[in-house]
Amino acid sequence: MGTVPLLGDEEAAPEARAVFDDLRAKRQTDYVNNFWRALAHDPAQLREVWDRAQAVMGPGALDPLVKELVYVAVSTVNGCAYCVHSHTAAARSKGMTPEMHAELLRVIALAMQTNALATALGVEVDERFRA
Amino acid sequence: MGTVPLLGDEEAAPEARAVFDDLRAKRQTDYVNNFWRALAHDPAQLREVWDRAQAVMGPGALDPLVKELVYVAVSTVNGCAYCVHSHTAAARSKGMTPEMHAELLRVIALAMQTNALATALGVEVDERFRA
Amino acid sequence: MGTVPLLGDEEAAPEARAVFDDLRAKRQTDYVNNFWRALAHDPAQLREVWDRAQAVMGPGALDPLVKELVYVAVSTVNGCAYCVHSHTAAARSKGMTPEMHAELLRVIALAMQTNALATALGVEVDERFRA
Amino acid sequence: MGTVPLLGDEEAAPEARAVFDDLRAKRQTDYVNNFWRALAHDPAQLREVWDRAQAVMGPGALDPLVKELVYVAVSTVNGCAYCVHSHTAAARSKGMTPEMHAELLRVIALAMQTNALATALGVEVDERFRA
Amino acid sequence: MGTVPLLGDEEAAPEARAVFDDLRAKRQTDYVNNFWRALAHDPAQLREVWDRAQAVMGPGALDPLVKELVYVAVSTVNGCAYCVHSHTAAARSKGMTPEMHAELLRVIALAMQTNALATALGVEVDERFRA
Amino acid sequence: MGTVPLLGDEEAAPEARAVFDDLRAKRQTDYVNNFWRALAHDPAQLREVWDRAQAVMGPGALDPLVKELVYVAVSTVNGCAYCVHSHTAAARSKGMTPEMHAELLRVIALAMQTNALATALGVEVDERFRA
């Protein structure tokens, strides 16, 4: 697979290489995921996504683990196998237990089911749900 | 809108009416959402979804509020306006603050963005993400 | 709603008007759906879709009603409210009973649920399912 | 691929193993699909999905083969490769001929095409399609 | 509709109001779309999206009109009625003729059709398409 | 992968073989993609898709390269890996530079992000965007 080659450290432009280095330092690992190596063809986009990912996924009003669960949910509905795998791994590294994973899947599966029912029934939004 | 008429209390079959009553008692409100009134054409399915919704969305390894956030995420990607509205309301009733709502939207939006990038780049799943 | 105005009979080009007439004759009704009136801005596309719809949705190896059920399923997953409404009506006119409608929704809902589970679990296709 | 390891018979909990046995008996095969082996990490969810799948997909107001065709349609729109493969196989085992498969694909493809047109044109639902 | 109220100029925070003013100046209109008024509940996100939208949608290797066409395509597949309407309007303001609109819809519709066929057939990516 | 076997030249029916020959002549290559070999099980559908693809994707009010960019956008949102790969290759063969590819991805990613925001916020279509 791949519509662009994955860029190794030597092939990446200095600006992309700088993101790789930043990512390695922040994540305390030498490993750089395929996603970043593919995105490195556009160093500015790579930088923008990496910076925003850190800002959005860090602590805030929502817990970082909760954010990963939401990420897995979005990725599942979009059918993005890469994203499902990488964010399930990220969720685990942030404390997701097998029980939490199982429950997450139950919620996603229920939501998929009721989303389809609401759509197929053409249910009108209740007045009280409108802001 | 609506591919089936919404059933009022008198029009619903006794089995459906029993679910309405159960829902009213559990939620401590007299109001029955359009979704349940549309689903009432199939009382068995109504019962099954209502029972499972309670089991899945109640407390467990994940907090009920977290589950609502995941529900909103799934509903957003599916483009189900009804579900987005009803579960945003549910999340609020379970404690979602405006700050949490804003952060939820940021996570969903980031995930949508990176999902598209991973798919358009055809990124292969890293060996280390496979279980 | 509408990104283009719906074309009345007098506003439509002769080629589009010819499709309207054909549609009226074949469906034995004077009513022309909004979809065709919107599509009439591109008479060639209107003709092509109308001709193919008749060819594809008519009798063949699958029953016309079965085809409408599949159409409703696709439209539901795509979240196309227009299509869900028009093809649920079409299915009814071809014999879909309330019981069949209820069962159709159960199948769609189950498929949505298991699709999400298979994707979130990243299940590899079994060798025996490959042709 | 896989966000969880597939569970072999010996690794599965007794409740999951019981579902495997039930599945083997009902389907008259020794083979247990990857989907069930992945889902076995949550024996309760495994049991619930398996029981409901049997109830929903069995004979009723709709023919079991028709239900499989709908399943393939939903799985196609969701882009779930696993589900497309497993339910295409299931449809074949229930009598889907190559001609029926070809027609199914034509209907799905037509529905995808018109769904997009209706959405891009922003067509309003006709009053007569509302229940 | 709406899961949050649209913020008028007086209700918006100063940071959000500043974006409204910037938008008015850049677009040379007094009108601020509902999208920005809804997003104004999170002034930082509002600023980030507005700034990035200008950077991404302006002239570059691709023409601004081409970018709007791509935007309409994405919005159509996502079933986002708001986005389809606003970006169809934007495309028109950047020079999209009725002929171009009609052709755009033909391409989207063809792509939807073949996407479904490729997925339902489970077609493996050709070696020569991999980077 | 594959729910049907890919048909070699000798296995394909004469009508399908004729499409292969036409494709070879028009594209000036001996190579026939997997997509066409899978679709060849239904020679009439193969012919219809091939003919329409040529008509739709050729020069017109929109440039052929612009059409390929739109195709990649649709395929990305649909999560169709095959289509993303084949149409990214097609776009390259029609002149897409790495800079154009990078920009295309930025537009798609921005559209995905704002689509989700508009849907999650339940933003009503502005009166002025309605035709």
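Quick notes on this structure:
Letters are used for the chains, namely A, B, C, D, E and F, taken in the order the chains are written, and counting of residues starts over at 1 for each.
FYI, a contact is a pair of C-beta atoms (placed from the backbone, for glycine too) under 8 Å apart; a residue touches a chain by one contact, two chains touch by 3 or more.
What you see is a predicted model; the values in this text were computed from it and never measured.
Judged by contacting C-beta pairs, the busier of the interfaces B-E and A-E is B-E. Between the CA-based centres of subunit C and subunit F the separation comes to 21 Å, rounded to the whole angstrom. Mean C-alpha positions place subunit B and subunit C at a centre distance of 26 Å.
Each of residues 1-4, 45, 52, 74, 76-81, 84-85, 88-89, 102, 104-106, 108-110, 112-117, 119-122, 125, 129-131 in subunit C touches at least two other chains. Contacts between chains leave no pair untouched here, as each chain touches all the others. Of all the residues in subunit B, the ones that touch subunit A in their complex are 1-4, 6, 31, 33-35, 38-39, 45, 49, 52-53, 56-57, 60-62, 66-67, 69-71, 73-78, 80-83, 85-89, 97, 99-100, 102-104, 106-108, 110-126, 128-130.
Those residues of subunit D lying in contact with subunit B across their complex are 1-5, 48, 52, 125, 129-131. Across the complex, subunit B is touched by residues 79, 81, 84-85, 88-89, 98, 101-102, 105-106, 109, 116, 122 of subunit C. Interface of subunit D with subunit A (complex): residues 1, 3-4, 41-42, 45, 74, 78-80, 125, 130-131. Listed in rising order, the residues of subunit E touching subunit D in the complex are 72, 76-77, 79, 81, 84-85, 88, 104-105, 108-110, 112-117, 119-122.
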